[in-house]
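Shared between the two complexes below is chain A, which has chain B as its partner in the first and chain C in the second.
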Partner chain A sequence: MLDETVSRSPPSTARSTSGAYRLLQGRFRLEVRQQLPVWQRVGITAGAILFGLVICGLILVTAGVSASNLVEEFIIQILFDPQNLRAVLFQAAPLILVGLGASLAFRARFWNLGIEGQMIWGGIAAAATSIYHIGPDRLRLGLMTAAAILAAMLWVAIPASLKLTYRVNEIISTLLLNYIASYFLFHLLYGPWKDPGDSFPHSSQFATVERLPDIGPHLNIALPLAISLVALAWWLLHVSRAGLHLKFIHANASMAQVLGVPIKTATFMAVLLSGALSGLSGLVIVSGMEGRLTLGFYEGYGFSGILIAFLARNDPISATIVAFLVAMLFIAGQSLQIFYQIPFSMVELIQAIIVMCVAASEFFVRHRLHWHS
Partner chain B sequence: MLSFLVHWIASIPSLATPYALAALGLIISELSGVLSLGAEGLMLVGALGGVGAYLVLGGYPLLALIISMLAASTVSMLFAGLVVLLRVNQVIAGLALVFFCQGLTNLIGTIAGWTNHTIAGLAAVRIWPMSTDHRPSGVAFAQDPIVLLTVPIFIFVWLVLKRSSVGLRLRSVGENPEAADAAGLSIVFYRVVAVVCGSALVGLAGGYISVVDAKIWVAGITGGRGWIAVALVIFARWRPWRALWGALLFGGIEALIPQIAAVGIRLPQYFMLMTPYLATFAVMIWTGVTKYSSSEEPAALGQPYVREERR
Partner chain C sequence: MTAALELRGIRKSFGDFLVLNDADFTVEIGSVHALLGENGAGKSSLMNVAAGLYCPDAGSVNIDGVEIRLSGPRDAKAHRIGMVHQNFKLVKRFTVAENVLLANPRPSTRVGLTEIEALIRRHAETLGFEIDPRRQVSTLSVAEQQRAEIIKVLIAGARFLILDEPSAVLTDHEAERLLTTVREIAQAGAAVVLVTHKLSEVMRFADRVTVMRGGRTLAMLEPKSTSREDLTMLTVGTTIVAPRRSSRPARGSPRISVTGLECARDGRSMLAGTGFFVHSEEIYGIAGVGGNGQGELVEALMGVRLANAGTVAIRHEDGRTIDVTHASPAMRRDLGFAVIPADREALGLAGSLSVAENFAIGQIHDGRYGSWARVNRTKMRDDTATAVDAFDIHGVRSTLQRASLLSGGNAQKLVLAREFSRNPSIVIAHSPTRGLDVRACAAVHERVLAARAAGAAVLLISEDLDEILGLCDRVGVMTRGRIVAEFEAPIDRQMVGRAMVDHA
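== the complex of A and B ==
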């Protein structure tokens, strides 16, 4: 086929089809950078984030939020209001967990886009343990946690094993499983699990023993739990043998195969852990924040997890920092929704713009442009 | 039984058309080597653009559908710029595009007040002489113009891709960009044009859902149909006619849901709504299990082409 292409399209005629691009290309020369100082790399990324935030600001101003209110809502209200700061800390825990989950899967080159579905199953399993009063009161919360983790791991094991045995594309399969999980949640909440008290589509409220214990005013055990899991993940990725295997697989899978790295086992375990963290995140929201199984408790966390892992380059400690920033965005998004009637999906839009800007800036990290005068 | 069959068959084309058009658009852009995961977002842009144009310009459905195509093409230029010019990872860029479009359409729909306005849409065309009121088969032959246009669109795209030198060059860019570049083809030009043209069809699919089928805009109206179209392309192994059959299969499964309810069989509602996704999932597993060699998957699919890094 290619021979035919060569004979049928002489270079001179094909070149003329893209005049504008050629004109532009004549002005600069592109070079692949061999290395880049860290400060320049950080500078380029920071510039990209700033550029993205300016675009988001312009969109919000167009949408009717005045510029002074924007500064007030996003910076002063969040950083200097103790109540909002507590809300950010509260919000950060599930985001850290999904960020860690996404990082682990991405390290094994598995696109886990099914975080929301795994959170749903985590929530459903926890709520089932509560609704059917499984186990004594003392052990209830532990059983709910175990159930949430187990259910989410089983759910992610489906696309993981299909990918490893039949090479079924996990990007699509995990996303489809999200829709299936969410319809199952709808079925439960509009049907058998509907709250008999007020017949709203949410489960009846959990008992006190079934909720995550508080460790301070408006702060429960979720955040310390998430932070300790960050430490564990750091150890797993940077110290343990499994982390070394994952580094091999991420860098060059065929080389890893030759060197005898157990690719399938390592990938499968990493993906299972990713699902476990997503399930735990579902539990943290259901049992720690909402106090019951609600419709849409998982919304927005899937893409946030991907964004956190992407910006943090799959590193647990950077992921924690990014998760706090995303938590601020969530809180700001909630107040935009309440005070300016801007849909909460604005948070998705802002995240998408920032991902695009940072991803685009990688081009300037990897390439150098030489301009001709 | 006959009435059940006729009504079922009559409702298939309008459900299959968005899948078919979106899958065809994706095939065009993927044959040039650009993995297009953003279909769900571009369909939303097309859906909102169509309803917005219909409401603002005063009720011209065909004009609204053209605006759908233009809107999706315009937004896809952003994606094309990211993945073709700046060589961004195509999975990340595609996902970001979906969430960008979800957020943007939701915001614009809310601010402009286009949400929950029912519109008249596009009237069905009766195919004389098959469609007359006194025949039971009449409903099956009263379809809207876009359904009737879908087959000519498929023939046209298939001819361009398979029987023209432009199509040949496009496929060579997706198959082996190094060789195509050496032969003097502009990789950037072919890939950008393929993404923009393909996205016009994806936008038409979205516009069809809102303007012709649902006759309303609500946030997230496409409900995952863009992802099903992406899966459909894999199932069709990048061959346009297989994609059309696949779209009819998925449309047929989706069309069963209201028909079963109409007959009076009571099945849990949300399990019924799951079926398109379950069917897609099953089809993906089937595609994975049965491997045969007639796939036309472009060899360079998903790989950014960097001449400076050419080996």
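== the complex of A and C ==
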């Protein structure tokens, strides 16, 4: 009885595999890698970055930078010109901070896309402390720092508690809170906090005691501060018990819950720290670089922070290295802007291309190609 | 000569690991051919070669003596080879008919769907299946999904039907029904390969059996003229004695008591007044068809699901009674709870972390591995190495190796090592041997019995009646979120089975 049903409907002989695919298939074989030594992984990532840089170079050449100037602008100028080197060291501190901040949040599987919003609140709180002359001069800078950290933590506490109590998707909440923060900043700068001196939309200049002090010819205090926070983050993630908890939350949250890992507390703390670092980064820019609250002081840092965390695989020390590279890119971008009228968004384009190349290189981390002769 | 699918001298390796080593296998039309072996013997790998999923490094696949080349499942389908995988390949949000259509494309989706629906109904009728082609797959039970898979493969025109561990997800009764149907399919002019590690299925339903061990095919036999003992010897290499429960120890006082537990999921009541108690030095089994609230009960006992009503209370070592209904998982662990969850990948281990980390996380809160400021990794690794030896966990080259590299049985032993090193007073084990081979099963059972001997109250929730009957001192039958009947050892299998069916 079943013979008929079994032999019914002739087998399909159609092949959907395209000719090109089969041609390739004949030439090499794809294998899944079991594991990969660290140096090979680093090599693949470096190769991807290099590949991305070549693409970026081609784009810059089409945009009007001559190929010979490319090396000059990106390498010689940046590394051997003391002025530029100072700028890179200046630029690195806030980037390290946002990179660390993003890494911490990502380790807890919290997609903090609100770094810029938290930076804005850090800047606003620091500026408020300056504008309203809160506390004695001696303590002013300390109070500004504390205010910046606190305000940013409060701002990130909103999406964090929404996620942990009502499971509100933090990707959306953190992103949208950025707009609220930036429009509030616009309101302040076009309104009550507008500089009475020149009527431009920025706050009046901070007093000297309200600015981050220099500790050397090429250095202000922000960089050593950022580096010591890197060490602290390294301890937190790799030595402390909380770091092990975060590892389990990242690897398998439901298993961690069953085993009694305090998921909510650990996640909440990691996210608060992430916000605190973003807020501190806002302070470093406002008080260390700009010297006043400006309109777009935070622009590009949110994306850069995510990029740094991604390329560094959420590791504090790698994040520091990547942050220095991004700082070089920032400075090079500024000079491109000045000398070639290339918009600063080119820097973001370069970043994006490199991210895509590294993300795509993950394929070669997981697979191996075997060539047939 | 009868038509046959023949695999000759198949060799396949992944990296340095040789999974198939010169494996031979032949199945003829009209017969059910069992492929027997322990986990990791290479059964599924060999069948994946036949289904075109793996490309062998050496060897040939022949149909009726003619060598064929399979570069993908599409080729296998063209040669009328169909495989029903252990993890079903169905789109959950599609209906049964849509899934079948996806695998058997028609020029017009709309017309094709009507045609497919009719085909499904016809097949279902001849096979004695009840299946509604318009039901969404996610609303089907596991057994129903399996039927959909079989029909899907048959509609594709399969003459060689490969079933990978088909009874693993089924109850006794369902498995019986399925295997009877499978015999009919074979008799109607198909060749059926039954991949299994269950001897009883081979003895009852297979015409022939090929035994595999360590990537090799050892022998092809006729079950009728072979003894169970011989087959076991071939499969395992040595004879394994299943651990036996000692006679009932002096019964302690109730250690944990659950009363009137109520729980709902997605608005559906899953626990409706569940109540039972477990003594110290006792194994209490909960038998029943899966999906009757077992999962929710375990979650409520682990502390990850909130009960709407009812209480869970335990008697502490110092004699106090403590209400733990709302206690967090961490508090429960402090009070001596140990959990062996059914879903090892999801709840038992973090596969991307190291063996040492997976082991130590169980005791990190006691301060055994350093204070909050510093985790003592050396001690973590030393303890893990000791436990790896004590619990006979194989495949651990380094305690820093990722846990996901362990095979099923060894991964489960790692879970056992973590949970039992703490000398728990209350053990909650949910299907602790699901998907494990004979050897690993025996190891798990031994540990459960040892925990009982050490004075723990053990709650064993399982759909495997043999396991329940072999280990438990008392058994409760769970149906629709309630314990509907209780039995004391010695337990009559028939009576438990009847209780499961009567109250359904």
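The working rule: the second predicted complex is superposed on the first by the 336 of 373 C-alpha atoms of A that agree within 3 Å, B and C clash if a C-alpha of one lies under 4 Å from a C-alpha of the other, contacts with A are read in each partner's own complex, and residues count from 1 in each chain.
Operating definition for what follows: a residue touches a chain if its C-beta (ideal position, glycine included) is under 8 Å from a C-beta of that chain, and two chains touch if they have at least 3 such contacts.
The model shown is predicted, which means the values in this text are computed figures rather than measured ones.
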First, second, both or neither for A:P343, with chain B first and chain C second: first
So in the superposed three-chain picture, is A:V355 touching just chain B, just chain C, both, or none of them (first/second/both/neither)? first
If we overlay the two complexes on their shared chain A, which of chain B and chain C does A:L176 touch? Say first, second, both or neither. first
Partner chain(s) touched by A:S240 [first = chain B, second = chain C, both, neither]: second
In this superposed model, does chain C or chain B come into contact with more residues of chain A? B
Pick one for A:H187: touches chain B only (first), chain C only (second), both, or neither. first
Just to be sure I read the superposition right, which of the two partners does A:V168 touch: chain B = first, chain C = second, or both, or neither? first
With the touch criterion stated at the top, can you tell me which chain A residues are shared between the chain B interface and the chain C interface? 1-2, 5-6, 8-12, 15, 17, 32
Using the touch definition from the top, list the residues of chain A that touch chain C in their complex. 1-3, 5-13, 15-17, 25, 32-34, 239-244, 247-248, 251-252, 254-262
Given the complex with chain B, which residues does chain A contribute to the contact? 1-2, 4-6, 8-12, 14-15, 17-18, 21-22, 30-32, 59, 63-64, 111, 113, 162, 166-169, 171-173, 175-177, 179-180, 183-184, 186-187, 190-191, 303, 306, 310, 341-343, 345-353, 355-356, 359-360, 362-363, 366-367
For a test of understanding, state which residues of chain B touch chain A in their complex under the given definition. 37, 78, 82, 86-89, 91-93, 95-100, 102-104, 106-107, 110-111, 165, 168-169, 171-172, 175-176, 179-180, 183-186, 188-189, 219, 223-224, 227-228, 230-231, 234, 268-271, 273-274, 277-278, 280-281, 284-285, 287-289, 306, 308-309
Residues of chain C that touch chain A when the two form their complex: 14-15, 17, 71-72, 74, 77-80, 104-105, 119, 122-123, 126-127, 154-159, 184-185, 187-190, 302, 304, 328-334, 339, 341, 346-353, 357, 361-362, 364-365, 370-375
